[in-house]
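Here it is: the structure, laid out below.
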């Protein structure tokens, strides 16, 4: 059963967001990956978030570009932790998506990660870190992941 | 009866948004001014927009700061023209609000104006320009406004 | 008869601005597409705007790059609603065109949309939203467009 | 017993970070508030993080300005979720702290929040959202907080 | 007889633009200082530039803030050298005025100077440098100015 | 005899700066094109500027990238008008060259043009506009150039 | 024996950092080139810096991209001079790495150079300039390098 | 005898640059503090640098604002290590000074520090770190300084 939802504003964002999907698979966590546009399908977003917890979702990851509102809109509708990944899909190199995601007004937080695939991967790992809080197996998987990752850094270029 | 809705994310934004209110009053157009937070009171937004047209609203002006989603969220829920005013209320001088308002993805437009009170005034005038399309009295008021404004520019500083 | 004028500073801007043209055609609205440079052919701009209303123009869309003054210059010469599309044609990725379009001084509004083709498409839709205020057929076309657009968002990437 | 650590690079950052402290208190969560400089007292950071879990810490919040490395350095030393709050304490208005916090390389995530007190408050709420995953009382407190917050938004400015 | 015109978009800009006026007076060059808004009084601009050369004007200095089009609009209407001074009068610290002035499309140059009073003073000196090309007295005054300026730099702070 | 010097920091900048050269040739003005690095060959710069006027140079155009000091260094050593062209040759897209050229401290002006080839062409035209002040043939050439340029703007894209 | 350590956050950074290596070789200075990630292998960094001086290292050069903490982390652990090279490896064109490197808080300096290969080469030269302070042969090599470099600037493009 | 020269473009910069002076005094290193403008008194700069080494200067610190060329101009004239401190004295908050200092072209390095007083203090410490390479007393003073600095960081805000 999926414990993390990965939402993205457009199917084009999948090339970036699959970095989250992959690292979560690596850490043994199942995902529910969906395309939901905050602006074109707002009802789909509220509908999904209304039932997300019943579906077993514990963390929601949202990736979007431009005036990236998906994560903020999700955070407005659920008390689950919402992670935001800004995507550089406009001519402004992702500055728009970064600011539209991270500068949330006080009271409705979105945990924001770096622009693009780096951020997507990190959002995946962070979702696992949240889940690890009450799942020792995930906790162990993360520790193993960190060790492997350190071991893979070569000594010389 | 109000023909323009002026929405703002927080009562603090009123110091900026009253520039829209004032210029609309000057042009003989009544406003409905409300505080609606896209993130803290999302249901209030959908509820208002569902009945806005029945209330006689023809144009919606939204002012917000930070990751300013109010205008975009409004545009997602109504086919009425939505005007966005970015407000500089975070340490980033309004860059966040500007990008979060103007960089809407294709399909759901927000007509964006300058950061702060300049933009609020211009959004008010622009709302009147839209209404002028089918209201000759407003059209005449705008022309008078433009003439007066030109006449008020002094020849020497 | 054309109800929307689409002006652009250079023929090179057409690759971006045709997104406005296309969506307006889709919504059943005819356009008058012209190349007018605010700086190289300023007289052409004033001449066109002087007769635009007589030609049946209800909305003016202007696309330009760099120190993009076309929309502002148009707004200085007409009381019709002017929509601005910043185009990323200089090394500064469109930041110059965005600021030169959106930051209009109080009194002469330009409704600004996103940088590049996203913005051009949105300006087209927004022009239709203005026209819809007194044309139920266009209003219906916009609603249909919004429904189709929502329906086309796939559930999965 | 403290479940959230709030670390800051300098005592001057407390004016910002106390927003996290306050909201956590409101949500019934105890904090351990410390000054640890990533650059001036790096050993203090490793020492604290080595024992943080034994102390009962479940989430680490780090606030810093300038080339804000505190959150990243913390994330390098613990598998606990690390939240970063960029603080605007240099002449660059917080852009430096924002980028130095959010643009973490893939593999070592920092969940980043907005610049300044908005971000600090949101980091506090988000820490509670993480804890809520295995603490129904905190979950209930968050839901109450969200309801109260919505109720406090006035209808009119 | 005035040889340099100093135009500004609003009387508020005079606090900045008087730096140009002062340095020109110091260099023995008379100015014609006017308020002309590119957007609110465009006809006034064309009218003035049509007769500027007959009035003896050799150089035109334009100061404006926000989407600062005054210099560009002047350059569109005269073959005289046009100097632009970006003024920081919006929340964006002058970035808008700088880009709207300097990023002119190829074919219609505006010689741009720094943001604010520094730029206004430099525009004044530069206007004199242009005039010095066919006026040895002005040339001598500039050389004297440069020497005096160097002499006034103290050896120690 | 050359009346305009075109200096550039590196031979790589020639691809951009030849736009100045070409437009000056078109306007009948001869150029002296040189590579002079403000940082690697500072003595070459002072030497050239010491004799520039004797060589008949009336205007100095400087193109450089990165921390572009060439124009500022030239302006420090000559009372002739110095025009600066920022070149986008670093990863920062020309922002560095733009600011390092335009933000000259008060007292030593550099007339700055747009980033890259647009700016180079405009600097060339502007140099001719300066020379036109005491050369009616150049003045006529500029007017012809402006007319031709306007005529070349097509009516339709 | 190596007198300069060149550290980089990832083997991908080598394409940029080899510019430092090459210029140091040219100046007769041996390097110790290593991959050390501030975030993935923090212990490797402390271990290396603890023994760096015993290994004969006099200067440490660090290159990293994104939230580039490597140089700052090194500076926290050694009293040797640390030079930082920001690398443009994220979608934000190196702005993130530049600010994360240069905006160090007071007390722990990182000498920062330009973004990318320009900066890497300059860091190499600067390391040699430091070493030249007590090594006349290196001092001579630098002077020769500067002369050769000046001589290689062609007179014409 | 002074071993470090502290140069600044204007006496106004002293408020910032005295942070360098103070920390050097604390570390037992004498300074020679001078006002030299790269643009208004370029000859003074070359003259000072020609004799700097004979005066015993080992490191040159330069602070300047706007299009801050002082450090780059110094680096062009001396093989001594040059440290640059960008000062925020224009409306652009120091971005201009930062880029004009750090983005030096390859071959002529300037070691750059943070904007304003933070950077000035760090440049002072870094100058001492360079000198420490052949002066064990300074080396000891730096180590003591680092220890004291760490000890002064309070445990709690």
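By letter and in written order, the chains are A, B, C, D, E, F, G and H; residue numbering begins at 1 in each of them.
The rule is short, and it goes like this: a contact is a pair of C-beta atoms (placed from the backbone, for glycine too) under 8 Å apart; a residue touches a chain by one contact, two chains touch by 3 or more.
Computed from a predicted structure; not experimentally measured.
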Exercise. Hop across touching chains from subunit D and tell me the fewest hops that reach subunit E.
Key: 2
Quiz item: Which is it for copies subunit A and subunit D: same residues on both faces, with over half shared, or different residues?
Solution: same
Quiz item: Count the touching C-beta pairs: is F-H or F-G ahead?
Solution: F-H
Self-check item: Centre distance in Å when subunit B and subunit G are each reduced to the mean of their C-alpha atoms
Solution: 51
Practice problem: Just give me the whole-number Å value for how far the CA centre of subunit C lies from that of subunit D. | Solution: 44
Quiz item: Where the centres are mean C-alpha positions, what is the separation of subunit C from subunit F, in Å?
Solution: 35
Self-check item: Length of the line joining the C-alpha centres of subunit C and subunit G, rounded to whole Å
Solution: 49
Self-check item: subunit B: positions in contact with at least two other chains
Solution: 10, 37, 40, 66-67, 90, 92-93, 95, 102-105, 107-108, 110, 114-115, 118, 146, 149
Self-check item: Every chain pair in contact, whichever chains are involved
Solution: A-B, A-C, A-D, A-G, B-C, B-D, B-E, C-E, C-F, D-G, D-H, E-F, E-H, F-G, F-H, G-H
Quiz item: Can you name the residues of subunit C that touch subunit E in the complex?
Solution: 9-10, 37-40, 42, 65-67, 69, 72-73, 75-77, 90, 92, 95-97, 99-105, 107-108, 110
Practice problem: Spell out the part of subunit H that touches subunit G in their complex, as residue ranges. | Solution: 19, 58, 79-81, 83, 98, 102-115, 117-119, 121-123, 125-126, 129-134, 139, 142-143, 146, 149
Exercise. Would you mind writing out the residues of subunit G in touch with subunit F in their complex?
Key: 88, 93-95, 98, 114-116, 118, 146, 149-150, 153-157
Practice problem: Spell out the part of subunit A that touches subunit C in their complex, as residue ranges. | Solution: 8, 10-11, 13-14, 17, 33-37, 40-41, 44, 66-67, 90-93
